[in-house]
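Structure, as structure tokens:
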Amino acid sequence: MNRLKVEEALKHFLIEDIGDRDVSSVIFRETDIGEAIVRFKEDGVIAGLHCFKWGYGLLDEGVKVELLKSDGDYVKSGEAIVRLTGPVASLLSGERVLLNLVQRMSAIATLTAQCVETLGSSRTRIVDTRKTTPGLRMFEKYAVRAGGGFNHRIGLYDAVMLKDNHIAAAGSITKAVDRVRASLGHMVMIEVEVETEQQLQEAIAAQPHVIMFDNQTPETMTRWVKLVPSSIRTEASGGIDLNKLAAYRNTGVDVISIGALTHSVSNIDISMNLSVSSKEAVFV
Amino acid sequence: MNRLKVEEALKHFLIEDIGDRDVSSVIFRETDIGEAIVRFKEDGVIAGLHCFKWGYGLLDEGVKVELLKSDGDYVKSGEAIVRLTGPVASLLSGERVLLNLVQRMSAIATLTAQCVETLGSSRTRIVDTRKTTPGLRMFEKYAVRAGGGFNHRIGLYDAVMLKDNHIAAAGSITKAVDRVRASLGHMVMIEVEVETEQQLQEAIAAQPHVIMFDNQTPETMTRWVKLVPSSIRTEASGGIDLNKLAAYRNTGVDVISIGALTHSVSNIDISMNLSVSSKEAVFV
Amino acid sequence: MNRLKVEEALKHFLIEDIGDRDVSSVIFRETDIGEAIVRFKEDGVIAGLHCFKWGYGLLDEGVKVELLKSDGDYVKSGEAIVRLTGPVASLLSGERVLLNLVQRMSAIATLTAQCVETLGSSRTRIVDTRKTTPGLRMFEKYAVRAGGGFNHRIGLYDAVMLKDNHIAAAGSITKAVDRVRASLGHMVMIEVEVETEQQLQEAIAAQPHVIMFDNQTPETMTRWVKLVPSSIRTEASGGIDLNKLAAYRNTGVDVISIGALTHSVSNIDISMNLSVSSKEAVFV
Amino acid sequence: MNRLKVEEALKHFLIEDIGDRDVSSVIFRETDIGEAIVRFKEDGVIAGLHCFKWGYGLLDEGVKVELLKSDGDYVKSGEAIVRLTGPVASLLSGERVLLNLVQRMSAIATLTAQCVETLGSSRTRIVDTRKTTPGLRMFEKYAVRAGGGFNHRIGLYDAVMLKDNHIAAAGSITKAVDRVRASLGHMVMIEVEVETEQQLQEAIAAQPHVIMFDNQTPETMTRWVKLVPSSIRTEASGGIDLNKLAAYRNTGVDVISIGALTHSVSNIDISMNLSVSSKEAVFV
Amino acid sequence: MNRLKVEEALKHFLIEDIGDRDVSSVIFRETDIGEAIVRFKEDGVIAGLHCFKWGYGLLDEGVKVELLKSDGDYVKSGEAIVRLTGPVASLLSGERVLLNLVQRMSAIATLTAQCVETLGSSRTRIVDTRKTTPGLRMFEKYAVRAGGGFNHRIGLYDAVMLKDNHIAAAGSITKAVDRVRASLGHMVMIEVEVETEQQLQEAIAAQPHVIMFDNQTPETMTRWVKLVPSSIRTEASGGIDLNKLAAYRNTGVDVISIGALTHSVSNIDISMNLSVSSKEAVFV
Amino acid sequence: MNRLKVEEALKHFLIEDIGDRDVSSVIFRETDIGEAIVRFKEDGVIAGLHCFKWGYGLLDEGVKVELLKSDGDYVKSGEAIVRLTGPVASLLSGERVLLNLVQRMSAIATLTAQCVETLGSSRTRIVDTRKTTPGLRMFEKYAVRAGGGFNHRIGLYDAVMLKDNHIAAAGSITKAVDRVRASLGHMVMIEVEVETEQQLQEAIAAQPHVIMFDNQTPETMTRWVKLVPSSIRTEASGGIDLNKLAAYRNTGVDVISIGALTHSVSNIDISMNLSVSSKEAVFV
């Protein structure tokens, strides 16, 4: 991730929660120093560890951050992932925001890893979609990578996806691909979505970079894959989640895109335990 | 929601997805006009409808937005919630971002409504927490309200929550509350978290505005509620989700706070169906 | 104050004054090093000292800032509050902006301290209002605290104030309070403004957290305070300034809110005296 | 004022006060329409009227704003300056911020007008300084103009002011002016500050555009003015306020700069009276 | 171009030039209305016409903008491209910024069109590079398209370019491509730069999407093109400008990338002629 | 240049190019350290060296930047200007943006230096105009200074330029200057543009600070200069470029303004050569 963009985002998130000040911190003195251990409370794959380093760096350069794991590591419940030392007031002011972010990123990485594991030795890859949380795309696509998945296009700007409306407006798949190829540079990937075998045949003839099989059974996909020449990548899409994934393992598609990776995850439970070194609090 | 802040956020979200331009839209002419109907694909409670109005307003003033429901409405699968008419290119450029946002908001509203329904005639309220998605707190807290829930504090700045670390630093609950009261103005709510009956007794004596029972059984909570004078509000907290909620229905606490409302929801499925009025596409 | 927000503001303020560059600094060489002493030119209470540290930190990490006082200290005319050493060009480029800010903050702290002193041993507290300078609320509310005062609500978002228009729209104080309580969460303070004894009685019955006596004589306030049960806080408001304050000392109200603390202060005179170490200037 | 900059500032100020939402507005329905009259509560000169138009325009395009005066007008206590009609919730959400701003601007315009009046038929002009409130320079310098005053340099970037430190670093006034002239373009005004007659003589010989007499008696200034050739403008400066101003009326200086115009004003009292058209409030 | 991003940029550019206000506009009254005609002063291809519409829209909604040409049109010296009517002060305040922008965009479009024309009937395309003016990439890449060229990758984020350093770090072209393919999703284009025929052979075997021939003679390129299978696109690069271009016309490469399109253009001369309707100016 | 503004701009430029991440950098390990030498590939005057220091400082504090020249130095083709050491991935991520910026700045400095040289021993100065690239004015005006030129006004806000439209609106040059002088403060420079000798005579009588001779022959200018009293500066303007400049060398005008300095330069060729210390790349 581009650190400049990460820091802009973290600054925004920290200000969202802290506002003008953390009123509860009036309890603490500047000399109240603490050590905090951040631990997984359930098994999962960690993603976003550097957010602790960069987030606390923005908040208070006096907080020392030691990362105990690497992104993509499988962490058991109870294991520590970060050790923090520094002013208690700062440790607590950043706690919730950074946990909220890393819990979500780790949930995405964990679900991705489960999907990857389900595919086993298959050469098919798991990819994400544009169904990300507004404002968090960079973080969520990173988490997919940390979990062993791959990224689909970043946004509307870096690749073409021709869906039914585009095809209807152009008149046919052939016309749509031709027009896109005529308008856009040689560095833009072109993907066509097909829903019937007739569309598939037309798409193959149009030679896009990728053909997406939308909402088909594993059987159909298996059959369709064989029709597509090796110079075109194939993508399975449409409501596939962890439960349905195994059925698609042997279809032979190049990638399976899963919106649920980013739009429907339950946060991984992560907690921070703090011990304070000095006890005689005074008003700040 | 403050429209000025909503628009700042929507602008940021739309730029995140569209970037310099929607390359697929080269298919369309400026005169390609379409009508799009946004529908729920599953039952749920809608929240965030105005985001369609404001979001498309930012993108293209030529898009007409007609809201067919109101936030908080229970919508059946298949029902339409918004009708849009305008340039096809603009309708498609805004589609994914606004669906991502409203799907998440509606998921939160729906889960909140289920929690509220579970409580039945109880006077206990459902409230949210600070476990919101970074950057989306305003939207997510709004969605909780749309679902019939209430908001806990907004952030670290508008209310005090005294947890174990604060109490340890101050020396005791009494000292902690006294110090906070001595430091902060009369408009700041003070809440104390208790984990044992001894702490509860000390908290009652300190007279904060709210006492939170952290991670207690329904039986304990029921007993503790009776010990607290009516001038102090009581809150049940700690890993309570929709499944466990029924057990807490009759504890008599004033509010039950549920982090899962915002940190662990699966997006409500919402889709946009578009029909294009003009067919002869040319390059733009 | 949240340092992240303070630094955003200071950056904005410094750019406002310096623009593309300080043209007068062409006189100095990079090696012209100076020492500057910042002194109070009149007696007062200091607030905002850290702005020197953070502001010069943004401008030039080569400037060393030594704070000689603490916020809230009473400073005599002529006393030094800060010692700065570093490149002369940087010292001068930041001088005016930081003085403008700290002079205003210290003026607010000083006036607040005078108000607090006027109240003497009374348990009544001095609080601010929302009549702050646009863009400076965080700084000005901090200055009130540095002067020994307390903060009222931060903005429109963190507490309810029911005034005549709200009450008229709802139909009565009772209805207004009931509706607010029905709509808003348990962490939102509710204050009601009353102008007659009849309103006071109705307000007491409605049990808001705070009742504000608007524009009443000290005598009326004294009488009214006795009618209000101890579970409700009382606030005196309406054109009370330092001159009129003594008359309200013994009314028994919990807080007296004073708009003049932030909307009508004369800056404390503070100046920076600079001595340059190297004399042979060249063009930069 | 540059409307683009004004609107950026107003958006920032409105978000500072309203935050995520105005919680008190839950009392009102969207259909509660009101009329508000903004009135001066004391005599003064109005400045900043367009802020009502632009500010409410940002908040709610449904608010109609009618300006009843022009900036620079002398307004008697009780006179109306603006009539607003629109949703009550929006009228109240913008009220405090816009009053805070216009009260300050009008205070500055009023004090400026008093200074101008004090000078009577003198050709000497009143000018401001850089002692403005951080973040508000554009607004405050506009207010000075509305009150009949003129602006000094905008910031450090648009004109040179050579003070003791610059002169010391350069070695002499002559050297300082020469160096500045050698370094900077022909569109940069050069002003030199003098404290003794010897410095004055040296300054005159160096031929800057403006010479500032710092902290001199009216008698000295009168004498010095006569020594300065007509091609150089003269400025009186140094702790001159409304009280001391009359003494400087006949010194013959071109301008008198007064820091107090912007750093030490008491807000003009302005209030908004609102009448609501519909009474049956419901929850929003 | 994404209008939301264009408007953000235009706002920034207009504020850069206008600052707090256009001081020269004190000459004009609000009722001074004018008509301005924007004309090409030399032959060229126009790009960026909508910037007049959007830019003046931001500055003053009272300015009416009529576009007389379309982007990509070839315009003869003396021809009008835009007619503006509205307040003279606003017309003049926006003039320079918008001309600066459109002059540069039109220069880029014109040079691109010259390059395209030079290639004649060749199927080779002209593409841009990342050698754009900082802050203007979106505008400059749009101008290339308006001139008949195509865009290379947008930035470092949407496609891979493997140069000598990448290859050295990986050990070989084969290893570099393999690693990239193993790390990145299926939507990322991979391009390899080659400087020798041996590298070319290795690159062909590695099957990237594009191979770039860096700094080769037309003869070498012609020979190399024949070695590359049709599934891989070829790009000529390295110091090719309008003068050298003809020599590359028949090499058979798919695209020729030309940095000079954006890094070394002389602005097209465009001027605005204004006629004012009302003559009796007063001070504003 | 104001470092705070420079860093804001550099952050914006770097994010424009890098986006969410530099995908090609997956080739490198964090431990791949490199040394890069930045060299001029043609002769020229360097401007903007500190951008390397500040830009890499923003991107990665682990990059060490050693500046080998000073801004304004004449650099021969092949000479090194900067030595960088640090993580290869960071060196490459910042390379293009910083080269794009410094190449343009150096091109401006070089052209300026050529103009200055052309004037030889003449006391006439070269100045820039407002024909700068949108968003880069601060950088481009700095580059003009680095090349030995001087700056004209910064923008519309810091000086008055009375052109035909202003004069027409006011009625005459005399009226225009009088009105401006009556409206604006004593620190605002006033310049009048004249196109005929009659206008010149009128302008001289009006006594502005500067008179601009617009589009006149060298002979006319030479004659006109003699008519202007020494208290008024003279400026030659109108399509003067490096080729035509020599003819104006002896006209005696104070400054010659040249739009081409900033609107029509060809980037100086600068390249970065990188050598990597560690070779065994792994995936990041």
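When the chains are written out, they are named A, B, C, D, E and F in that same order, and each has its own residue count from 1.
The working rule: contacts are C-beta pairs under 8 Å (C-beta built on N, C-alpha and C of every residue); 3 or more make two chains touch, one makes a residue touch a chain.
Everything numeric here is computed off the predicted structure, so don't read it as measured data.
Student: Where the contacts of chain A and chain D overlap, which chains show up?
Tutor: B, C, E, F
Student: What's the rotation, in steps of 5°, that superposes chain E's Cα atoms on chain F?
Tutor: Fitting chain E to chain F on C-alpha atoms yields 180 degrees.
Student: With chain centres set to the mean of the C-alpha atoms, which chain is at the far end from chain E?
Tutor: Farthest chain from chain E, going by C-alpha centroids: C.
Student: Which is it for copies chain B and chain E: same residues on both faces, with over half shared, or different residues?
Tutor: Different residues, largely: of all residue numbers at this interface, under half are found in both copies.
Student: Could you put a whole-Å number on the gap between the CA centroids of chain C and chain D?
Tutor: The separation of the two C-alpha centroids amounts to 21 Å.
Student: Suppose each chain is reduced to the average of its Cα coordinates; what separation in Å results between chain B and chain D?
Tutor: Averaging C-alpha atoms per chain gives centres 43 Å apart.
Student: Determine the centre-to-centre distance between chain A and chain E, using the mean Cα coordinates as centres, and give it in whole Å.
Tutor: 33
Student: Which positions in chain E touch two or more other chains at once?
Tutor: 18-22, 137, 154, 157-159, 184, 188
Student: Take each protein chain as a node, join two nodes whenever their chains touch, and name the resulting shape: line, ring, star, complete or other.
Tutor: Graph shape here is other: it fits none of the named patterns.
Student: Using the contact rule from the top, write out all pairs of chains that touch.
Tutor: A-B, A-C, A-E, A-F, B-C, B-D, B-E, C-D, C-F, D-E, D-F, E-F
Student: If you look only at chain A, which of its residues touch chain B in the complex?
Tutor: By the definition above, chain A touches chain B via 9, 12-13, 16-28, 32, 34, 88, 92-93, 96-97, 100-101, 103-104, 130-137, 154-162, 165-166, 168-171, 175-176, 179-180, 182-184, 188, 260, 263-267, 274, 276, 279-281, 283.
Student: Inside the complex, what are the residues of chain A that reach chain F?
Tutor: Touching chain F: residues 1-5, 8, 137-138, 141, 154 of chain A.
Student: What residues of chain E sit close enough to touch chain A in their complex?
Tutor: 125, 127, 150-154, 157-159, 184-189, 191, 210, 231, 233, 235, 254-255
Student: Would you pull the chain A residues touching chain C in the complex into a rising list?
Tutor: 11, 14-15, 18-22, 58-60
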